[in-house]
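Okay, got some structures for you below.
Each of the next two complexes has subunit A plus one more chain, namely subunit B in the first and subunit C in the second.
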Partner chain A sequence: MAEKDRTDREVTLGGAALAPGDHLCVFHRGRAERDRLLIPFLTEGLRAGDAVLYLAAEGERENFRERLGHVGDLVLTEPDSGHLRDGEFAPDALFAMLDGWSRRKLGTGDHPFGRIVGDMSWAAPRLGSGLIDVLLAEEVAVTAWGQGLPQVILCLYDLDLFGGDLIIPMIKSHPKSWMAGTLVENPYYLSSTENGHHPHFERRIPS
Partner chain B sequence: MTGSRKFGTPGVVIEPGQHICAVYVGEEDRDSILLPFLSEGLLAGEKCLFGVHEDEVAGFVDRIGEDVDDVEARVDSAQLDIRAAGDTLLSPDDFSVDRIIAFWDEAVSAAMAAGYPFVRLGAEARWWHPQLPGLTELFRYEAALNDFTSRYPQAILCMYDISRYRENIVVDLLKTHPQVLMCGVLLENPYYSAPATLV
Partner chain C sequence: MTPEGDVVSRGQEARTDSWWRAQLSNLYGVFAISMMMFDGREAADIMRLAATSVPSLSGCTTDAAYLVDEGGAVTPQDGAEEAHPDLAAEVAKLDGQSGRIELADGHWRWCYALRGLRGLTGNLVVRAEQPPSSDEFFLLGSLCQQTAAALTNSASFMRERRQAVVQRELNDQLSASVERLKQQTLVHDVLSTISASGAGESGIAHALHQLTALPVAIEDQFGNLRAWGGPGRPDPYPKVGVRRREELLRHLSTLPEAVRVKDRLISLVRPRHEVLGVLALIDPARTAGAYEVFALEYGSTVLALELSHQRSLAEAELRLRRDLVDDLITGTDDESVYARAEAIGHDLRRPHHVVVLRWAGDFAEDVVVEATGRAVTTLGLASLVSRHSGAVVLLVAGQLDGAALYASLSEKLGAEGAIGIGSRCDTPARLPKSYAEAVRALEIRRSSQISSGFTRFEQLGIYRILDTGQNHGDVVEFVHEWLGKLLDYDTRRNAELVATLAQYLECGGSYDDTAAALMIHRSTLRYRLGRIREITELDLNDVNSRLNLHLATRMWQVLRGSQ
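Moving on, here comes the complex of A and B:
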């Protein structure tokens, strides 16, 4: 079987092995630290024939297109066509976009594996308790949605932009996180269907 | 009443009574947090009492001396008190939260009596784990420290190399520490549980 056809391929982040269906919160400090993790992760996927979707921070799409070298199946977006619609977080539209991308890319046989990365910097200037709750619900829903698909998902949170009111609940609501240079698994993570914090998340999961 | 102080890490400020959990990976990362923390305190005339994992602390003290003058005199005067791996307080068989808290209380009250305005107290998890019978006692101890830290003008720093644990302890650490230092950023922990709910 050719490497590009395998769904059990090796996926690594900073040297740590990830598994199909993984959804990680990645905490980094600043863009330089982010890129030291992100560029090898995306490059590894593109070279392996994975479909890659990167929801970049505002103004970074072309920069990443250049740095990733125009190779492989790479889709780059920015917040206005990713997480946001008319400047507001639009989780339903985001889910529709993610699910559509996965179905198109992973269902045809051309790309048996996918990598999705979202830079969450767009949320920093909009952050309030309401958005934190919505983001937590969104992350839980993304975990549930991604578990059945041959892909890994990373959500990038810059510690210079977000405080403990967002970061700590994110750690608690994710089965895995990347922090302080290592992969951390959460033994208390409740499966998405058991997660009591966000009882209505199911309606966000495309059928 | 004593006020805010520099932690030692750029941009990080500590308040009296704080109990901070620092998560890191590896010795270089530890030193990048701990050496400035202690150096800042020594240069401010504060008492520093810390347990480290090394069997011999001379090399560690020398590294503090790269940023702090007269470090040997500060050791001789006990302003700087670094405890080595074998320099323990208790064993797992005779461990009790009350006894270890009583030891810290005595040490900090002595520092106050000696005229120090502030105490920086703490240890690497690798220093105190051999003294504890298990993780359950560890988290009871951490919770008890939250009561103790408010008694004096002091800050407590607990350092966890999170790559060293087969069990994942990060979420438990979040329950017992009001502040978390991660990647050079001090995070207020909204999920911190008050001591009475844990002990």
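Moving on, here comes the complex of A and C:
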């Protein structure tokens, strides 16, 4: 599970190559643009034998199951059955789910590679400075956690739903971002060591 | 303008690696937001991105945001209504410049004037409990510069999009015009080609059907079908009453374009003011549009030319015929009239009779001429028709059955007419004489007791000499002098003594021949002749009496109109 080297498999998003351990913040405008990126990305992984976990937006699970064609190892969840507890964000539950899934799919050798995608639309109606801080800590922690695993992680943010108050912290916390149709890297992203004011995130990182 | 004195400066000692990394990361955030602002979104969305980014880059919040359009109109953005009530006025006082805004609530405020290449595009007012640091102020300034550029770009983009919309509309209009012109050119080419080909009315009807895919009817002004194009030709062809037809044509003639009448689109064929017919598209499903209407109306124009041409030809030929007849009956060079007759398809080398006729009643001359033309056609006669001195003049080639001609004309015009027939002409030079004879025979017929009917000049016999036209009264007086008593007797007694006497004299005084001709018994004849002698007190064996009585009975026969 500690394999960090690039695999020889092709992992692409919108034509741009990704590397194992990448954690991307993907900004898109509307669901149509999202799907133009996401469907090929997930299909590519399923056809290559990757394990795929998609934390879909509310009400979209079955739609994606149909569109992805019931092939490969695909796990689809929605916010209420994953990272929301009684309508509130539950970061511990999210981490538990992510880590458990990775251990099952990648740790057993059944799948050489994993793809995790989270649609963050659920956060838009709940957004406030408190949630932004929690999300920021979560993203930083996920970046640290995912760097050691043969997988890529995409967090999808709809620019029609979110403003600069969320976008800038997310950009600051992701080493790579997809925006305006291109993949950009941020060598100055905030790593866990620069986020000591969020003391709880480190404990979520699996050992 | 910068908030000198307001911002909090940080010393070099505070700028650790971590600080630089955070500052670079913030700048990267501004860069990312800028990229998003330039992704083609509208001005309000750009301003929303800028306004919501402020707290992420500084300890400030956005107090209010205003968009300024190219005309200078200010539009407060979402949230501006919750700002201090004096804020908008204070922003306006800055007159498009950035600057500090001081209000009674004691908050620190700064208005960023968002200026681009085309001037002011908006204002973003930030607020904080304390003035921001110079680093934060730098980040906010950078954000606002990017916002102003994005707003300018958006305005240009929107302007181009509006222009593109206008251009697209113009292109659409142009394309529609070109398409319409193509269709009209096709209609023009097809119908003009058909018209020039001499295909006539049926060709026009067929071409119009090909152009519109609708059945086509061409009717004359009376509603009779002249030509049909396409499938579904009704048989028999329906025809409305005369009054309804006249009302329809009158109504159509008041309208400048084709009109729908039930399942038809109708256009009048009307060169100048005369209606020559009707062109109709049969369209029960009402599918015809502007193109079909154009084709119909152009078709009616072409048809009007065609029918006018046909009419002009007919009128020219009629004129030529009339001129020729006029020249022939007044006398002209033989050779030239042969050539002229051949030009209109008439063989003048055959023997001819000149016929002159007049018909009583309210008939216009044209009607009598037309009826005469149809009558001679019906009888299979080769003829030339004209009008002269108020009468219809007919030059008939070959044998002429006067009774048949009179019967045919009576059928068309009624029985109140007279026909005079001149003697046979073997050369055109004799036609003037034959014409004079025909006129003479007509006048004698019209002045006789039975004025309707026909009279051949040859049948007048000695009467031709005795009644020259100028002495008609003398002739009548002569007849009365010799036959007056017998005529009175016949009238009183409803007898036939004059007819008996005439037949007796025609038979040279033979009792047997006369009785046989009159189909009476000899004794009856003898009785009648006895009564004649008593009434006239004349000796029928006296040569002078016998000659005068014979002449008188001949004149009586002519004057009576019997043949």
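Keep this in mind: the second predicted complex is superposed on the first by the 190 of 207 C-alpha atoms of A that agree within 3 Å, B and C clash if a C-alpha of one lies under 4 Å from a C-alpha of the other, contacts with A are read in each partner's own complex, and residues count from 1 in each chain.
The rule is short, and it goes like this: contacts are C-beta pairs under 8 Å (C-beta built on N, C-alpha and C of every residue); 3 or more make two chains touch, one makes a residue touch a chain.
Just so we're clear, the structure is a prediction, and the values are computed from it rather than from any experiment.
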Three-chain arrangement built on subunit A, subunit B and subunit C clash or fit: clash
Which superposed partner A:A180 touches (first subunit B, second subunit C, both, neither): both
Which superposed partner A:S129 touches (first subunit B, second subunit C, both, neither): second
First (subunit B), second (subunit C), both or neither touched by A:H28: first
Segment of subunit B intruding into subunit C (one of 79-87, 97-105, 115-123 or 133-141): 115-123
Subunit A positions touched by subunit B in one structure and by subunit C in the second: 27, 29, 159, 163-165, 167-169, 171-172, 177, 179-180, 184, 186, 188
Contact footprint of subunit A on subunit C as seen in their complex: 18, 21-22, 24-26, 28-30, 32-33, 35-36, 38-39, 41, 48-57
Contact footprint of subunit A on subunit B as seen in their complex: 23-26, 29, 162-163, 167-168, 170-171, 174, 179-180, 182-185, 187-191
Residues of subunit A that touch subunit C when the two form their complex: 27, 29, 129, 159, 163-169, 171-172, 177, 179-180, 184, 186, 188-190, 194
Subunit A to subunit B touching residues, read off their complex: 27-29, 33, 159-160, 163-165, 167-169, 171-172, 177, 179-182, 184-188
